[in-house]
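Okay, here's the structure, questions in a sec.
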Amino acid sequence: MQHVAHVNLAHEDANPVALEIAGLSHVYDGREGQVPALDDISLSVGAGRFTVIVGPSGCGKTSLLMMMAGLRRQTTGTILCAGRPMPDPDPQRVGVVFQEASLYPWLTALDNIEFPLALRHAPREERCRRADEMLNLVGLQGFGSRYPHELSGGMKQRVSIARGLVQDPPVLLMDEPFAALDEQTRMTMGHELLRIWSMTNKTVVFITHSLTEAVYLADEVLVMSARPGRIIDRIAITLPRPRTYEMMATDVFGRLRDRIWQQIRSPA
Amino acid sequence: MIFVAVLALWEILPRAGLIAELFLPPLSKTLTVLFQDRMQYAMAMLVTLYEVGFAMLIACGGGILIGAVVGGITLLRKLLLPVFSSLYAVPIVILYPIFTAWFGIGSESKILFAGVYGFFPVMLSTAAGIRTIDEQFLLAARSMGATVPQQIVRVIIPAAIPTVLTGLRLGGALTIIGVVVSEMLTSAAGIGYLVTSYRTVLDSPHVFAAVLMILVFSILFDALARFVERRTIVWQTAGRRERAGSRPDARVAPAVAAA
Amino acid sequence: MTRLQLILARLALLALVLGAWEVLPRAGILNPALLPPLGDVLHTLAGILMRPAFHEAVLVSGAEFLVAYSIAVPLGLAIGVLTVENDYIGEIFRPILFYVFSVPKSIFLPMFILVFGIGFQQKVAYATFSTIFVVIMSAAAAVESVKAEHLLVARSYGATRAQILTRVYVPSMMPVLLEALRISMIFNFTGVMIAEMYASRTGIGQMIENWGENFQMPQLFSGVIFLATVAIVLNEIIRALEAKCSTWRT
């Protein structure tokens, strides 16, 4: 019988650690007092690994991602990205892709991708070059001068990914980027994302509600409990790469997905 | 199509005697009279335009700025917005005699009155519009390392342009109305004044000539404003937070002209 | 800030404004001839409220308001619904509606005066004219706002036309219609006032215009306060009704 073992953090010593979180807890002021959102989270993500976080709604996974991105301050605990803390957003270390692409409707696709570079006042030549590279990387060559309202949902997310990667950060954080897309586009985008990831070797932390997506994409799946969010399981996905659609029909895939589901339904 | 029919009726009905000429002089007569006295009408239009221009500065300039501030700052919004929308129920025309008592019957009273007339709806509309700017835009900007000044210049201002344009169109229409109403009520100059003075001597063709000028003016302004709005469609479509069950018509209705 | 705090804050603001109105003219900072102190205005108002001439004016204006409203609303609703249901009528009215709001409707006052004279009918006619377009537009919007899915569900359960009308259209349209009633009431009020101020021998609008011309400032301000209060009270009443009926709306 196939037995999928817990991942041992010792595995990670082989690769340098890209992201390390220790003892992170977060409490916020709700209407009736203090609400514990996250409870003593510790994890480390090896460089170049694709980590997926799943959990029930409201478990705090988005908050956790915001903290990794430097967009929110945690109450206690430390976050180290490439060895340094993240008090503020740093697009050169961490790129963020949101659920709603949040592209600026008054800018073309290329202008949107360039935006982080424009903020840094990077020279025009570098901006154009990088933006073009990213546009091609995400498979949208020729669509650079389109406006967001002329792009489909999947295309908008591609632009969003390109924007997150334009400064070549070692880490890419993605908050349910495909949630607003239909099932078929989701599958295509997942596949595309893996292609982009294998070409760029980024460290990816990806949040999703879809268990299928989690198993399909991840090297490792972290399962969070309901609020206050804790990491209740780490599941190594030992499926070979490159992943294929056919793998979704295998026993191994099914068992991995069931395991995750069990954990979410009745947390240990 | 309807347009042509209306013009045709305007000519035919009075000539055929179906409507007394006193009530509706034929279009041709109206146009003739307009042309004959074109200098007088032109001068009057200039006065009116001058008044509208300044009134727009007050209504649009003030309305948009204050609307943006009140709408953007949550505390102010919760505190003041309900007050302002209650005040909207009061017919502002009743304040006009106060303006004439204070500032006389010259242009100042009309500019101030029309300015105030346009101010509230523009302010309400801008305050509402500011809130539709997707807050994700700012989050995305922050994640890309934008400083606060950069956020304001590169995100908030471009995102607010549709709202500002609507405010300009609204404010313009309302100030035109405000100026015309006040000119008709108590005035010594301007196109509204011509309407009133010719009416009192029962000179219908002259009255209608003035009415026609006003109609043309307001329609032209509206067409121009809508043209500009259409050109900026890239701003308008995406990027607005879709509210479940939002009814665009009913949100616009409170901000239209009552006069 | 809690609701209570907000209400208190607004009351404080009101007190501040009213206080300034009382103090600044009395202190001579603002010219009391132009802006009589609040106390004087209220005193004058009390006096005016007793006068039979005032009561008469209120009755006249009120009557004009009510008659115009009771014509404009049913007629406007009917036309509005028809513009949506009947393409032909829609063709006729939609372009008109498009421009109506950017054009000063008051420029048509002279026409009404020429036709009706300066009496009761003229003011009612003008106010109706003023109001009816908003009603038409809102009625059309209300009909269009009824979700197609709701209608489909009703039809699939075999509802008759009458049932669909009463059980789907009416409840769906209620909130929009109530808001339309409120907005058109504001338009109606404005229309009556403009007509009275422009050319009339009776009515509150005419009294205010008169007081203004004669620089009788305390009376003028009393009139304004009276009208403003009436307008706001009516508005809030309908708003409360709206809120009660709209609990299900997002």
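Chains here go by letter, A, B and C, matching the order in which they are written, and residues are numbered from 1 within each.
Throughout what follows, a contact is a pair of C-beta atoms (placed from the backbone, for glycine too) under 8 Å apart; a residue touches a chain by one contact, two chains touch by 3 or more.
Predicted, not measured: the structure shown is a model, and the values here were computed from it.
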Chain nearest the overall C-alpha centroid of the shown protein atoms: B
Looking at Cα centroids only, farthest away from chain B lies chain A
For chain A versus chain B, what separation do you get between their C-alpha means, in angstrom? 49
Taking each chain's mean CA coordinate, chain A and chain C are separated, in whole Å, by 54
Roughly how far is chain B from chain C, going centre to centre by Cα mean, in whole Å? 18
Could you list which residues of chain A touch at least two other chains? none
In their shared complex, at which residues does chain A touch chain B? 69, 71, 88-92, 96, 98, 100, 102-106, 115-116, 118-120, 147-149, 163
Could you list, by residue number, the parts of chain B that touch chain A in their complex? 134, 136-137, 139-147, 150, 154-155, 158-159, 161, 234-235, 237-239
In the complex, chain C touches chain B at residues 1, 6, 9-10, 13, 34, 91-92, 95-96, 99, 101-111, 113-115, 130, 134, 137-138, 141, 145, 176, 179-180, 183, 186-187, 189-191, 193-194, 197-198, 205, 208-209, 211-213, 215, 217, 220-221, 223-224, 227-228, 231-232, 234-236, 249-250
Tell me, which parts of chain B touch chain C in their complex? 2-3, 22-24, 75, 78-79, 82-83, 86-98, 100-102, 173, 176-177, 180-181, 184-186, 192, 195-196, 199, 202, 204, 207, 210-211, 214-215, 218-219, 221-222, 243-245, 247, 249-250, 253-254, 256-259
